[in-house]
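Here you go, one structure.
Chains here go by letter, A, B and C, matching the order in which they are written, and residues are numbered from 1 within each.
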Amino acid sequence: MTIKPASLLPGGNLMGYALLALLLLLVLPLALDLFRLNLIGKYLTYAFVAVGLVLCWGYGGILSLGQGVFFGLGGYAMAMFLKLEASDPESTKIQSTPGIPDFMDWNQLTELPWFWQPFHSFSFTLLAIVLVPAIIAMVIGLAMFTRRVGGVYFAIITQALAAILTILIIGQQGYTGGVNGMTDLRTLMGFDIRTDGAKYLFYYLCVLLLFGCLGLAHYISKSKLGRLLVAMRDKEDRVRFSGYDVAAFKIFVFCMAGVFSAIGGAMFTLQVGFMSPTLVGIVPSIEMVIFCAVGGRLSLIGAVYGALLVNFAKTSFSESFPELWLFAMGGLFIAVVMAFPNGLAGLYNSYVAPHLARLIARWLPATTEPAAVPAIEAKQPQGAQP
Amino acid sequence: MFAEYTTSELLSIFAMQGVAGLILFSVFVLMALGLAIIFGQMGVINMAHGEFMILGAYVTYLTSELFSAYLPDYFSSYFILAMILAFIAAGLLGALVEWLMLRHLYQRPLDTLLATWGLSLILQQAYRTIFGAREVGVTLPDWLMGSYPLTDTIELPINGLFVMCLALGISLTVGILMYRSRWGTQVRAVVQNRPMAGAVGINTARVDRLTFALGCGIAGVAGSAFTMIGSTGPTSGQLYIVDTFLVVVFGGAASLLGTIASAFTISQAQSTMEFFLSGSMSKVLTLLFVVFILMLRPQGLFSLKVRR
Amino acid sequence: MSNTDFVLAVEGLTVSFDGFKAVNDLSFYVDENEIRVIIGPNGAGKTTVLDLICGRTKATEGSIRFRNREITRMREHEIVRTGIGRKFQNPSIYGDLTVFENLEISYPKGRSVWGALTFKRDAEVIKRVQEVAEMIFLADLLDKQAELLSHGQKQWLEIGMLLIQDPELLMLDEPVAGMSVVEREKTAELLRRISQGRSVIVIEHDMQFVARIADKVTVLHQGKILSEGSIDKVKNDPKVIEVYLGH
């Protein structure tokens, strides 16, 4: 007997990844000018968050409304390194204290705070981008999941955390740059990040890292851990009484989502050239959830398309009809929840994929069978959250 | 740090700080009550709650403009009418939203959260389109202005007193409604066992709609009261919403007493700390404190211990 | 407290919910290879006893020892790993997964995060899943999504999910509730078969079914033991007739 496990990942085949790679690595760089490509690169940094949310929310049923916190931690870590490099004594000699970032000087700081010191080192910065969010996610997870905080409570608490971090950043402007964030970032280890070449380089680096995260997420979702997450979302107690430490799995997946977000944040800083609290707070955090929802909360590839499309729409709407954008965004939230709970991936699976399969079957009569769409994927996530 | 103050000055400072805390507490109670009723009933946080509040504020603003333009003689009493109108307007919108949106989502609380967030965006933009992006303020009738001198150094602002009385009155009304009326019994029955309540002839869909409408209506009144303290803009609702969520979650679902107690704790903590620290730091510490307590006691301050 | 030969020793167990004692100073012992049935009127505390043993509810007082090991304060998954399996009253299965995946997830390998990441579906797993599926009459339905099974089949699947862990103590909460007569027969036979080499605690209302499977019956009433012994002894106990069986 052959065992054919139902795939839980819509479009999770090699073809889907190949098409996405083709689009991001070849088609878009050739078709768009550098300004637009840089925008795409920026959108892709949100895709990291969305991919993390697919694992955490789509699979695990844990809705975090505070992913901006991790995005911000990664982004600020990178920004701190770049800011220190931009604030060498030579270029800041007009300040009353040369050698420290300009905003510190404006706020009458005369010495670099202790937690800024290690960010002189690039390897420390890289480690911090991954480890700081992982540790914070783990602490939050340990506190929440071992005490069985979940569902709406978890969502509200993570949202409060996003609010806390934003208020903290804005309030402590001497240490953080305040509401303006960290601007005027120039070089990365002597390499000017504002040149065209650097922009291309960072775009490709961003795409590669995104595929790294996608690959990891794909592996996790296909492993037994992925099935356990789905099982937990459905009947948490049954998993617990099958001998699993449910909290440990939730913590793991929340940490993964946090680390993905932080990598996205760091890439944001590199490509856009600044980091500010407006990317950390409640509003961006919940918007990141909608990128994931639009793509399809169970689809990793969908999350990337969701982030791209929503942000593309946002940019073009805001350019031409700024007042309509909030209506559109609000409508999108409602529509995606009420009418398309499986997002683009769900639409693709129920409408496009069968047609494609038929077309392929017609053109290649020799092929054995069209790619079957497992019933699970079309299923609405009714009662998906406990 | 108190060395430079005299004892009586200190006393006055603490008294005034206490009054400020009580006013903040009243505002929290007004905002949180509606949310708590909805959360207790449906297990869902209404992300658009702040916008329902702002609707009440705008209705109050419109009423005040209308009165000053057409009925200047009756201006002193417009506020009472405005609050009733605010309640009706927010309640009706609530009923409509429940009917169009929420009733389809009861099985998916997290999705409701996202959908109501979408609603809040739409409402914000609608306010901006209709009333403009600038904040508007209402002219208070004379009897609500000024303050009442308690001693030489301690003064009670009258609008603050009014908000406190309002919070007290509405809490009592809601309490009586929930625990003494037939409707309240039905609501509690539906919360505890929805299928059974339906089976004994309670129209659960109607109870849901009324509850949601009532919660939104109270938000409208809260917004109306809010105009006495601050001005109203399209995004004012967002300012307090996180605090309000935390008040409700902290108080424990479905417990009005818990909601009031937690509103008290949070508002006092915040206004006391504001005296020692900057506004933003006291806010951060308050939020952290609440999050920390919630980690220790996830079910909130007040909740029944039952077999799961 | 002395060491005993009993598989499970419950002594002085009390749990109170806001002052209400759902289980009150309860003591009982389960032997090796015994099928113990717990009966009693609604609200007697039957399900709470199972909840206490498997750690879902924490005891206020008293001790629960499994093979002379104190498990009263252990976390749920640790209790499961000592060899106690528990079936819930309503069939508790993973509707989004297939029957095969349901059983596979319950297979006691790869229970840590790392273990689950590196878990391989090898021949041994497949063999074991098929073995259990045969036993619970679902061998032909391995690829079916569990949501689509009948109520009785879901109950069996959950029993299978416990069996695959090969627990030394199996606890079943109303395993035949909502089953047809034929399904009940099959389940009774299944229980007889799977109780070979392990102890079983069953909560059940159906007295005919109880009579078919029980070695020993414990009657609970208001959180206390009303009567205990063989089915015949219990059936003729006037106290039991008074509060539970009726005249």
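Assume a residue touches a chain if its C-beta (ideal position, glycine included) is under 8 Å from a C-beta of that chain, and two chains touch if they have at least 3 such contacts.
Everything numeric in this text was worked out from a predicted model, so none of it was measured.
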From the centre of chain B, which other chain's Cα mean sits the farthest off?
C
One chain pair leads in contact pairs, namely A-B
Chain centre separation (chain A, chain B; CA means) in Å
33
Cα centroid separation, chain A vs chain C, in Å, comes to 43
So how far apart, in whole Å, are chain B and chain C when each is placed at the average of its C-alpha atoms?
47
Going through chain C residue by residue, note those that touch at least 2 other chains and give them in order.
56
Given the complex, residues on chain B that touch chain A span 39, 43-45, 101, 104-105, 107-115, 117-126, 128-129, 238, 242, 245-246, 249, 278, 280-281, 283-284, 287-288, 290-291, 294-296, 298
In the complex of these two chains, what residues of chain C are touching chain A?
54, 56, 75-77, 80-81, 85-86, 88, 92-98, 100-102, 104-106, 108, 110-113, 116-119, 121, 126, 130, 142-143, 145, 158, 161, 165
Could you please specify the touching residues of chain A with respect to chain B in the complex?
57, 61, 63, 65, 143-144, 147-149, 151-153, 155-157, 159-161, 163-164, 167-168, 170-171, 282, 286, 289-290, 293, 323, 326-327, 329-334, 336-338, 341, 381-385
Could you list, by residue number, the parts of chain A that touch chain C in their complex?
1, 3-6, 8, 219-220, 223-225, 227-228, 230-231, 233-235, 237-246, 248-249, 252, 375-376, 379
